[in-house]
Amino acid sequence: MDSLKLIIQKDDWKKEKHVPVIEIKGPTKKGEPIDVYLCVGKEIPHPNTTEHHIRWIKLFFQPDGEKFTIHLGTYMFEAHAESTEGPNKGSAKCEPYVYTRVILEKPGSLTALSYCNIHGLWENSLRVDFEN
Amino acid sequence: MDSLKLIIQKDDWKKEKHVPVIEIKGPTKKGEPIDVYLCVGKEIPHPNTTEHHIRWIKLFFQPDGEKFTIHLGTYMFEAHAESTEGPNKGSAKCEPYVYTRVILEKPGSLTALSYCNIHGLWENSLRVDFEN
Amino acid sequence: MDSLKLIIQKDDWKKEKHVPVIEIKGPTKKGEPIDVYLCVGKEIPHPNTTEHHIRWIKLFFQPDGEKFTIHLGTYMFEAHAESTEGPNKGSAKCEPYVYTRVILEKPGSLTALSYCNIHGLWENSLRVDFEN
Amino acid sequence: MDSLKLIIQKDDWKKEKHVPVIEIKGPTKKGEPIDVYLCVGKEIPHPNTTEHHIRWIKLFFQPDGEKFTIHLGTYMFEAHAESTEGPNKGSAKCEPYVYTRVILEKPGSLTALSYCNIHGLWENSLRVDFEN
């Protein structure tokens, strides 16, 4: 029992295409909306096929001095050209790319967790400090 | 059996704060990335509390001439200031706001479905035609 | 705008393999746990391959006399033998099958919504009345 | 960058109510359906209120000798008596309890990850070996 933990891989997103990128666009003020950009494959695009794609990115926040991690959001990329005509013949697919908006009351760290349907779990983190 | 369908509400998003807004930013070309903006409460903000909030938006696509609806994505807004200190004391919340990116091979209609944890399901649709 | 609604298909689950089955196992008492069984393909199994599978089932409840639909749960079936070795070579897959437990304070109707990645959205409903 | 990882808590589920329980019911044979039971609060029930509840359980599989973790499923418990009448007045809630069915081609370890909306992330694992 408990013999195994999840294998959550980490690496430099500039070299390894699976690592989720987290960027903050615009100001970071306490209690005001902060725009967070998440994507996989910013530098090196990841395949996007019926057989191999990024299925989701999840975003977590660890406020400084708190004991528990907060789950902010899940962003699921469900279409990858699946079709009754066969794989990769479908009319729609999603890019693993999302902007969202959060409101934070404390500084802390954002962590993104992403999932490739054949290469598993990957994470990345970004420190958030408030501007004066 | 089959006595009931889901109650999916529709209205004008300028008057009714629950209706999801769908907007396309930038060009809409066949087979090229299209930026889709989704939010709830664009004109009239929706409450964002532990007890009352927008939990998710889902995006679907109906390609012209096809028989089945395609599920593009789900965007979940999980934090609403829940806390061990009591409701609305938490360090983080999410705004029901997301940009994402899709690739379409046919014109058709995007449908957003959103869910308020106390006011149920709401939908809105947007026609997508390709530019020359 | 609003030119299209979601295409949510209905049929008899004994003839059409995509229709979600909803069954209640055991007693249905007000305010006490009720075991709900959900599956797709009970009579006629649905394919379960990397290219074609049931991705999720969602469960909703419409209490009698209330105006809004309640989202009870989402059950996602994420693995379909995807693999770095190629499609359908993977070590794990999920069957579109779930038991869960809900507590209801009023009679009403359960609605299950399921999604096949190439055949779209399907629904089914089941009336719930309390035993004496 | 990368200064923080997710805080995923572990403990004995008989003493700590947040720890997800994983049990296998019935036979475990290669390539045949295996019934997996997941719940939170088996020994010590967890609160189930609008303000404090288990939001989801996710199930992962690590096949022996493979490099990547496979995401099997996500089971979301969305209703917690939220209501227009105020918190905890609603007509429905979900118990953090699910049975599902998976097909495995190799022995390995199942890991469940659960989330309490105020007490964060918890995990547990169970070894799966095939019967002769």
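Each chain carries a letter (A, B, C and D) given by its place in the written order, and its residues are counted from 1.
Just so we're on the same page, contacts are C-beta pairs under 8 Å (C-beta built on N, C-alpha and C of every residue); 3 or more make two chains touch, one makes a residue touch a chain.
Since the structure is predicted, the reported quantities are computational estimates derived from the model, not experimental observations.
A count of C-beta contacts for the chain pairs A-B and A-C puts A-B on top. Measuring from the averaged C-alpha position of subunit A to that of subunit B gives a distance of 19 Å. Chain centres here are Cα averages; for subunit A and subunit C they lie 27 Å apart. Of all residues in subunit A, those touching 2 or more other chains are 55, 68, 70-71, 78, 84, 90, 117-119, listed in ascending order.
Interchain contacts join each chain to each other chain, per the touch definition above. Residues of subunit D that touch subunit A in their complex: 1-8, 10, 55, 60, 62, 67-71, 109, 111, 113, 115, 118-121, 123-127. Taken together, the subunit A residues at the contact with subunit C in this complex read 50-52, 55, 78, 82-84, 86-87, 90, 117-119. Taken in their complex, subunit D has these residues touching subunit C: 33, 48, 61, 63, 66, 68, 70-79, 84, 90-95, 97-106, 108.
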